[in-house]
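Each chain gets a letter, A, B and C, in the order it is written, and its residues are counted from 1.
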């Protein structure tokens, strides 16, 4: 069942069309990647989902119900972090959570708040004012605030921004736990494509305010043509061979002596053979079918 | 239910902000300074008020008493207390916008109207606390320092002496009307706060409006005569009417209605603005 | 016989008419001198344009030569001149010269006008017109002109303390020409009315009703100490 349905969403800010036509759906249990280059309309779309922004057109449904007409009921079951989480700096971590817990729509006890503080690794710091917290600690507190009311859907907008590699891994593991152990549905917007590739099972890519592609991550990657990364000792011989013998192929120089060539699977063997025969000095051949490549391909169109 | 829960949140936030105590502290300090000044040289102040009459008349009895001091304090602070209130109430929405917490708040199940109303209720309670504190300091502390007695009031219609026994209810009513005036200021600054992204704007705007309207109110120019009765600043001093004999019931009611109407309209504007606002910060 | 009566009558008239101002004043002064001290309750009712004051109750104390005090719980407005200063002034004959004037009936009492001119040019009193009942040796009206307070007129009524010359009612009529309505001390922005104009000849009155006189019972000097 689709927990989130976005149909032909549009948002104009005056004469500027930030979102023109975005549609996608998120199924129960998905970790859903929401991708797009800067300025594609991702943040605007997410803010529309959370009723921070009023759409100009289109429809948003959660749990089969219109967000517009069931806002309070919907948001009781949704948790979110939008960019960096902001808190009341003059209050302690515990007091911040109490404030948000009070208006979460559910009865949350002090014991549950303490358990959540422990869960995100802030035990011992709950009495400290948030003004003294590092970015990583604020992010943890943001996760605590998101999960406090046990939401069914979690929306994370750039949750790893500013985190160190350890922090990024912790967030990734948390999302996987939420999916596998707690059966949460997660919509995740991130520029960390490698992370999305690892943890997301479905995704949508938008660009210039429109949906470009939506579907299962692995199915989409499988369908795309292969990218080969070839490193050669004699770049000039390599380029000459490609131009003469494989004129339909385009070799992009990535750095000195290393090229990316997009091709169908059946051309790979003949190409490598010809390069070796012509004395290009092939040093390495690495096949790539990465989300990054897919993303660039989709958004360059 | 969500409204009252968030009102508790708002009161907690007000209670833990330093600026809330700046207002109360400044008010206390101002009043203590006035009390000290009156203790040191109140008689010459009285002389100034009664100077015109003292050629032919002599005033006997305890003129400089706690009731007169309370009246003087209420007059002197008519410009200062609105500023102290708007320091807190002007920050309620714009402060959250500036700090980013408005995002966190607006993604909760409470409606936009619920957010505004809970902040307005909290602002009302803060204004009430300031008014009660003003009343306590000016009436009880002044009486403790200066004793009690009849009140001598200089109005534009002349000099009025009100017996002590007739003062308690007048001061009570005056404080209620003063609270209405300050409540209007609080609602005005909250309205400005809905349009701003930082606290300074609403506070400065509120004081600018009060000063501008006050100046227009005192200008003896016929072009403004049509609007003067409807400006809230014209009615901010309505509490003084309680100290007239006979006190003008219809004029006081008129002031109450105008102030309440301002509160309703300003609150309406705030609700509409905040409901329509796209939160992009 | 008829001519004898006529002669006596004319002689009496001549003698009566012949009383000098000093002689008439002496009767009043003798009464003043009988009072060493007195205290009384007084009810004060003021009707002065631009002043609204409820009826006030006070206690007044007087002790020779010139000690005078008003004690009121609330605020009481009294005239600045004419309370006790006149009687004190009259007691010292060397400080003034008196001129006999017209006869006048005031409130059914036949009185003679005595105009009193201070000899000291620094005196606060410029002129005092005193209307005295020669038969009762009581003052029934005073019109006092002073340097700082203008002219104040005082009518007297007597009851139980005639022998001491202490009135039970004094009605002061003050000239409000000297009043200047000041601008409000603090902003009174409600009122857009023009400052009220008053007529040149408007008067204000203050009525004092005395009761419970205690005369020559002794009053301590401590009573007159300033608070």
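General observations
Heads up, the rule we're going with is that contacts are C-beta pairs under 8 Å (C-beta built on N, C-alpha and C of every residue); 3 or more make two chains touch, one makes a residue touch a chain.
Predicted, not measured: the structure shown is a model, and the values here were computed from it.
Listing every chain that touches chain A and chain C alike gives B. Taking the mean of all protein C-alpha atoms as the reference point, the chain centroid lying nearest to it belongs to B. Between the interfaces B-C and A-B, more contacting C-beta pairs are found at B-C. With centres defined as mean CA coordinates, chain C is found 101 Å away from chain A.
Chain B and chain C have CA centres that are 49 Å apart. Look at where the CA atoms of chain A average out and do the same for chain B: the two points lie 51 Å apart. Among all residues of chain A, none touch two or more other chains. On the side of chain C, the complex with chain B involves touching residues 48-54, 56, 58, 70-81, 148-150, 152, 174-176, 178-182, 184-193, 195-196.
Across the complex, chain B is touched by residues 13, 47, 50-54, 71-73, 75-76, 78, 80, 82, 84-91, 95, 99-100, 102-105, 145 of chain A. Interface of chain B with chain C (complex): residues 48-49, 51-63, 72, 75-76, 78, 149-150, 152, 154-164, 214, 217-218, 220, 225, 228, 233-235, 237-238, 240-241, 245, 251.
By the touch criterion given at the top, residues 2, 5-6, 8-9, 12-13, 16-18, 99-101, 103-111, 276, 278-280 of chain B touch chain A in their complex.
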